[in-house]
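See structure below.
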Amino acid sequence: MTAPADRLTLVLGGARSGKSAHAEGLVAALPPPWTYIATAQAFDAEMRERIAEHRRRRDARWATLEAPLDLAGALAAAQGPVLVDCLTLWLTNLMLAEVDRDAAFAALEAALDAAPRPVVLVSNEVGLGIVPDNALARAFRDEAGRLNQRLARRAERVLFLVAGLPMVVK
Amino acid sequence: MTAPADRLTLVLGGARSGKSAHAEGLVAALPPPWTYIATAQAFDAEMRERIAEHRRRRDARWATLEAPLDLAGALAAAQGPVLVDCLTLWLTNLMLAEVDRDAAFAALEAALDAAPRPVVLVSNEVGLGIVPDNALARAFRDEAGRLNQRLARRAERVLFLVAGLPMVVK
Amino acid sequence: MTAPADRLTLVLGGARSGKSAHAEGLVAALPPPWTYIATAQAFDAEMRERIAEHRRRRDARWATLEAPLDLAGALAAAQGPVLVDCLTLWLTNLMLAEVDRDAAFAALEAALDAAPRPVVLVSNEVGLGIVPDNALARAFRDEAGRLNQRLARRAERVLFLVAGLPMVVK
């Protein structure tokens, strides 16, 4: 679906919209080896189960790099086509660790520009509900929206997943 | 809009996106009689008013079946083209009644495969906001997302309603 | 992007989806002067900062009219192509002031029909998350959905913004 010419693909969607599975399919349509960059941190049982489920879906041709914060470093270390899953958790980690987001976003963009390989980024759309009650959630969705916009501008291909099906945004 | 060749149509969208009205239009474009399968249970005044509003919109050529849980049974009993409104409330009912969802989803799929008539399913997209605070709401949106994906895979036609207007997903 | 023939354009999207910037670009593609109708009321520091940020983006060819409630009056007073940003805040203001919404919506529609100029309306899609806990938020998203549907029906062009990129709904 993604032609090899697409250096950067952004796969957006809601929770359980099939983003990860679709993005894995895009990467696995290219020749292996593939690198899976996981940004998730397993804080609790619910998250551990989600990570385990994602891992069960991938076979041995996938190398996994864990990058809760240093996504730019992981991109530099990757081999072959790369899947980054997902930017929303990465942003959460940056905010919890009180890392400067503008610097981190710029470092990510520089790493994407330097990457000699196709990269598929997975990110959540979180801004389509009612305004959240608490200020932290509002700040999070603002930053997530800004990050998605920056990466969508840079991507050759942007998909919006609905019920497991891709709508082509760009 | 839906050609008679579309045996299964899935109409997705947010709250007040015009899903029900659009889906009714799709069914009513086919020859009557039509069957409306209502999954809503009127627990309170707010829900009673919503049900009454939907009912006022439909004329006498519609037969109504109430199916808060046994959607497969209602599909087997239906006459003519069918509208199921909606899957999200059906899932809520299944969860409240602690019915096994995998079995219920499989029974629904079998009933859809067996139905000798066009079926239009209405379902909510609920995963595009901030992660909900409580675990039950998170579990609900996970299950709703999985159900939508299963049915979208099976449907010939998937529409995403925005402000009353359909975007063609499939 | 919007041809001058489009008298009414509705730009929908989530928080931080790039709605305002895109809508400004549509208006600024037409000959100046342009009128910006701001519906925001600066109740707190967070909102003041948002308003200031939007204002910094616009140059001197924009006249600004503030219309927290009387949108129809502001449309009648406007010069040149008009941007209304945004309907969601206007609806919030109507609800807080306990203004009759049906009358206000009808007055807005009459003003749009009478306006001898292109108008671009910005509005939020807020119905794609989990059902909100509180009744006021549910009422708000119902009314916002109804307003969006009414205006989408009337608009020549409806866009759904995702990560800063427009999807054409109509």
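Per-chain numbering from 1; labels A, B and C assigned in written order.
The rule we apply is simple: a contact is a pair of C-beta atoms (placed from the backbone, for glycine too) under 8 Å apart; a residue touches a chain by one contact, two chains touch by 3 or more.
Per UniProt, the chains are A, B, C = Bifunctional adenosylcobalamin biosynthesis protein.
None of the values given here were measured: they were computed from a predicted structure.
Undergrad: Can we say the copies chain A and chain C touch using the same residue numbers, with more than half in common, or are the two sides different?
TA: Different: fewer than half of the residue numbers at the chain A-chain C interface appear in both copies.
Undergrad: Turning chain A onto chain B with a C-alpha fit: angle in degrees, nearest 5?
TA: So the copies are related by a turn of 120 degrees.
Undergrad: If you average the CA atoms of chain A and of chain C, how far apart do the two points sit, in angstrom?
TA: Their C-alpha centroids are separated by 31 Å.
Undergrad: Where in chain A do residues touch at least two different other chains?
TA: In chain A, the residues touching two or more other chains are 14, 125-130, 141, 167.
Undergrad: Which bits of chain C are touching chain B when the two form their complex?
TA: For this pair, the touching residues of chain C are 10, 12, 14, 125-131, 135, 138, 141-142, 144-146, 148-149, 151-153, 158, 160, 167, 169-170.
Undergrad: Under the touch definition given earlier, write down the residues of chain A that touch chain B in their complex.
TA: 13-18, 46, 125-130, 132, 137, 140-141, 162-165, 167
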